[in-house]
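Chains here go by letter, A, B, C and D, matching the order in which they are written, and residues are numbered from 1 within each.
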Amino acid sequence: MRGEGSTEVGGLRRGAQPAYAGPIFTHLRCAGGRENAAPSFDLKRSVEQLLQHCLNALILGGTYALLGIGLTLIFGIMRVVNFTHGELYSFGAYAMYMWVMVSGVNFFVALPLAILLGVLLGAAIEFLLLRRLRGADIDTTMLVMIGAWIALQNIEQLSWSGVAKSIDSPFPASPLVLGPVSVSWNRLFVFVVALALIAATYALINRTKLGKAMRATFQDRETAALMGVQINSIYTATFALGSGLAAAAGALLGPVFVVYPTMGDLASLKAFAIVILGGLGSIPGATIGGFILAFMEELGAGYVSSGYRDAMGFLLIIIILLVKPTGLFAQKERIG
Amino acid sequence: MRLVTLAWLAFLFSIPLWMSDLYVLHVLIMTGIFIIAAMSLNLLLGYTGQLSLGHVAFFGIGAYVSSLASLGFEAHLLPGVLVKMEPKPVWLGMLCAVTIAGLCGWVIGRISFKVRGAYFVIVTVSFAEVIRLVALNWVELTQGPMALNNIPALRLGTPELFELSFLRKPANYYLVLVVAVLSYILIRRLVQSRAGRAMIALRENEPLATSVGVDVTKYLVLATMVSAAMAGAAGAIYAHYVRIVDPDVFLFIYTVTMVIMVVTGGKGTLAGPVVGGLIFGLLPEILRAAEIKPEVQWVIYGVLMVLVVYFLPEGIVPAVRNWRRRHHEPATAAAPPASIEPAR
Amino acid sequence: MTAATELTVEGLSIRFGGLTAVESMSFEVKEGEVLSLIGPNGAGKTSAFNAITGYVAAAGGSIVYRGTSLIGLKPNEIATLGVVRTFQKTSVFTGQTVLDNVLIGLHLRSRQRPIAILLGLPSVAREERQLAEEARAILRFVGLDARAGEVASSLPYGELRLLEVAVALAAKPRLLLLDEPVSGMNPAETASFMKLLAQIRGLGITVFLVEHDMKMVMGVSDRIICLNYGRIIASGSPAEIQRNPEVVRAYLGERYARAQG
Amino acid sequence: MASRPFKTMLAALGATLLAGAAAAQEPIKIGVTQPLTGAFAASGNYVAQGAKIAEEEINKAGGVLGRKIQLIVEDNKSNPTEAVATAEKLIVKDKVPVMMGAWSSTLTLAVMPKLEEYKVPMLVETSSSGKITVSGNPYIFRISPTSEMEAKAFTPLFKKLGIKKADFLSTNNDFGLGAAKEFSEAAKREGVTVGVMETMDPKATDFSAQLAKIKASGSDTLFVTTAVEQITLLLKQAKDQQLIARIITTGGSNSPDQLIAQAGAAANGSYHLVFFTPWFPEAVKNPDIAKKFVALWNEKKYNVGGLTEGFRGWDGIHTIVAAIKAAGKAEPAAIQQALWGVKVQGINGDIAFIKQGPAGKESAQNVPSVYLVKIEGGKVTRQ
């Protein structure tokens, strides 16, 4: 051990207040350069702060869009308000935790595995719970999804306890510095993968046969069925895809933040906000909605109050529904 | 039938006389509060057919308004605009709670009159979430996550003459019981009248309802308002009973609990929320006594909810009614099937 | 032609997106008559009904009922004026009893205020008894009194359609719009419905009818308007319509097309 | 056949009698309310584990008053209303004569009216808000330091660490806001400029907006008060945004080992106020007890990061048991009386209570030790 040794601080007595008895260890020498952080030109700092906020928002927006697209796909095609969406998000994160921290699988192998698990869980939920509710009204399926959500969340809590878990990431600890702003490699990775997944989803919907069948079902289920589209398999595929996207968002963000059983609740609500913002059933709407929400949250937290960060989205929903009930980018008139 | 009801009421009123276990009374009081909230939700969910998933907002608003009125507060409405209020008597706080919750219901009813189905659900969920975040962050007014503590218990009368203090459990039990019975009567009057028929008409067939002159918006707003005021009353009683309120009172899970109670008991029936409320109010204690972890208990809730939707889509009360009709009146065997799910 | 004008429609146009359902349609309904609107499927008959009763917005033109413009009014406000309709697809309150269906229909005839209801004033109970009496009278009128206690969903099809009329009658119409009331009925049911229609007419209610069953249309109507592709192609008495070559072409053309399809 | 119900009745009667005889040997119940789930779950579980270790050790040594002790641990879900519900249940249903809890200041403050209502003493093992001991609740016995004590102990270090301008980031509850208030006042007294004072919700996980603001303030030091979960995330995110200010955490719920394990290199260079230094057991007042506790903890294979939190449970239960022993019976009033006189050799130091709050209704406060440690090169150092 180098340096000064321990310092004792004791016997601080003031009035009737209690005395202080214990020893206190401290390191007296400051790390070099820290004192040099002298106050400098304010405008420069403000601009830097704004830039940093914008960068944070951009990175966050990618995962928000991912969450929103999954939900809007399921709603648009199946007319199901998916309350398990947040659970798939946290399931993705726990799957990541399980692979990386418990089984010791490589991070980059674990990620696709976690997404795959999300896809499988989604398919299972659709097959076991929703298939027999075909044609039931929207409220009935909603109740079933709420039941599934509660059960899943508490199974998670049982399996992993309520204590938050953290996942090691293989990225360098020092961030990528871009002039005055910086971003961690992990978040950058999250952003890039999110964009890639969004692009892949677009391609799947617009370029493949499955996507064509999905679009046909979205337009008109009866006609699509008449034209030979297997509605059941389209539904399973849609729910699995939407779930996979939610799980991907969870698996990506799990290592950035921490993983805990109720992490999906707020994610679910935010996904609702994004979907309403973009119009129920609209994929471009959800993509743009995700970024709008991220910017509103980040700038609101930075310049209004950090406490109302999460309120932004919901205020937005209420305003949008009052002004333009179909959302910003609705393709079809609202259903309900 | 009337005799059975009276016997039940007499039984409920007698409980504190012979039940010495205070914990049982505590459980009954909490169950009663939730039953009032569930009954109020049933008016919206069961009779007008609108799935409101932000119902806990009204409950929480009632709790906060009544607590703040009785504790007094000093807060900035806007920067520079200071609002101050001296502590008021609890009964006045409770009245404020009912009124303000009702007003919030009116606003929400007006706002969401043009949205139905999924949109209505999301508007109500968002509303509750915004209110929760305000309660969490407006620390000056609500104490945020530090909770409003030391909320006074209800007192009626004056210390000089005659004072009724609701500090002890039996008194609170009677308070809850009386308010619950009152709420039940109000809801029964409402649904068995022109207004209630208009709400049912909105639920069953909105275009047809409007074609015979029912102003659905008006009755949806009325239902939301009455329902919100009632939930506010439940919240106020809750606040002065547990004597602490924190922003988690707005959590979605409480709305879900109410929904489970209503759906399981039978939405759109008078007795449904009472039966559902009794089951889901007492079940946690039974499960706890059986040493079942709370997580398992919630898993059971979730699974039960799914099973109820599948196998008792109308809930317990209509199912029992149908069963009794089939077994006791074979003459009218042509009774309608239990489920009238329109095949779509 | 001395009867007063009940409803005046002038230059009515209805559009859905780019599609025109009804194009500058003008006609009048006279007090006390039975007027029928006929035409092939998709001719715009139901759209016209929907515009008159406020379910779709008119793109242009005017609709005036006894001096009051109906444009921009909500369906329930139009019903308050005495214009009541039925729907093409069977439309009742399925989960309610037959009696309750009619009680809902009686909405406009009752006067209970929410405060009175919550206070449980005796006037409310009194009125409830009165309403039940009225509902039973209406059920007797359409011949459903024996079914009063049954749930609507358990009624056979023909009786369901009678129930729809009962619900509409409960709303105290002065102008009753019936949208294909006998479609799906067997000939015997149709015949008895025609008798009911005569009785309704006897109450002084003006009837505006959309119907495909030509036997019924020709049997009950005072006047007939024929629509095709959103335009009026003919109007006049049943005899005139039957002779009109355009009407014949419109119907034959449709049948021809059907046979080909 | 007819004798069957009679037999059942006899059996039931017998069971009741036996139960009566066993009552003397029935364990003494101690109620524990801790956040086992929710925002403070990690810390609450550690405290509960420490308490369980104490229970086992005491029972192995024969218990107290010839009876075993039995902890009844309830989860207050990190929520004040739930905390009240657990207290209600522990006192009314389980009839515990004494409690320990409720970790966070907010949770403890929530429970306090119930203690007065039912006249049951509670030992407070973690909470730091000054409000707890000055509100005139004579059922409160606190062994943890107040924020004010911490700030006072820290005061000389403002100069020694060369702090010129400080920012504060704390959870917006009694724990965080109380600490931010005490430390910022102490800083001002020492001539240190106070920059931004930011708060965060106890459940928040993304602090990027707050950090961007703090970075723009240009202070040399950031005081953080929250539980270990948020500290972990904060250290990582501060590193991501290249915050150059030195981070000092207060409140003692920072579990440095867990920070090293979960935040990795981002934890390097941060300072932490702790109340137990398991890395240097020889430095504490009662090293033998500290070593024994660390050995028992490791035997259970509990997370080593929990030691700085788990000791609170050990100290708390030992203090309660000492009071029960002194009282001679397991009744609330007697235990409350006896707690005033206890002298316990604890892990943190010698535990004894002094009076605080309005005269006649004083609460009890212990005078504990506070230590400042630094994480360097993935190790906790005392320099």
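Just so we're on the same page, a residue touches a chain if its C-beta (ideal position, glycine included) is under 8 Å from a C-beta of that chain, and two chains touch if they have at least 3 such contacts.
Bear in mind the structure is a predicted one, so any value in this text is a computation, not a measurement.
Asker: Which chain is in the middle, if each chain's centre is the mean of its C-alpha atoms?
Answerer: B
Asker: Counting only C-beta pairs in contact, which chains form the busiest pair?
Answerer: A-D
Asker: Let me check something: if the centre of a chain is the mean of its CA atoms, which chain is farthest from chain C?
Answerer: D
Asker: Determine the centre-to-centre distance between chain A and chain C, using the mean Cα coordinates as centres, and give it in whole Å.
Answerer: The answer is 53 Å.
Asker: As a quick test, compute the distance in whole Å between the mean CA positions of chain B and chain C.
Answerer: 41
Asker: Need the CA-centroid distance for the pair chain A / chain D, whole Å please.
Answerer: From the centre of chain A to the centre of chain D is 32 Å.
Asker: Between chain B and chain D, tell me the centre distance in angstrom, where each centre is the average of that chain's C-alpha atoms.
Answerer: 37
Asker: Do you know which chain D residues sit against two or more other chains?
Answerer: 75, 172, 201
Asker: In chain C, which residues are in touch with two or more of the other chains?
Answerer: In chain C, no residue touches at least two other chains, as defined above.
Asker: Which parts of chain A, given as residue numbers and ranges, touch two or more other chains?
Answerer: 157, 307
Asker: Can you give me every chain pair that touches, using the contact definition above?
Answerer: Every touching chain pair, ordered by label, is A-B, A-D, B-C, B-D.
Asker: Considering only the defined contacts, which chain D positions touch chain A in the complex?
Answerer: So the residues of chain D touching chain A come out as 36-38, 41-42, 45, 75, 148-149, 152-157, 160-162, 164-165, 172, 198-201, 204-206, 208-210, 212-213, 215-216, 218-220, 229, 232-233, 236, 239-242, 244-246, 262, 264-266, 269, 271, 277, 283, 285, 348-349, 354, 356, 365, 367-374, 381-383.
Asker: What residues on chain A touch chain D, complex-wise?
Answerer: So the residues of chain A in touch with chain D come to 1-7, 9, 12, 14, 17-28, 30-31, 33-35, 37-40, 45-46, 48-49, 52-53, 56, 60, 157, 161-164, 166, 168, 173-175, 177, 182-184, 187, 257-258, 260-261, 263, 297-298, 301-302, 306-307, 309.
Asker: Can you check the complex and tell me which residues of chain D touch chain B?
Answerer: Checking each residue of chain D against chain B gives 75, 79-82, 84-85, 88-89, 92-93, 106, 109-110, 112-113, 171-174, 177, 201-202.
Asker: Give every residue of chain B touching chain D within the complex, in rising order.
Answerer: Spelled out, the residues of chain B in touch with chain D are 22-23, 26, 136-137, 139, 144-147, 149-150, 242-246, 248-249, 294.
Asker: Using the touch definition from the top, list the residues of chain B that touch chain A in their complex.
Answerer: 49, 51, 111-112, 114-123, 125-127, 129-130, 133-134, 136-137, 144, 252-253, 256, 259, 263, 293, 295-296, 298-299, 301-306, 309-310, 313, 341, 343-344
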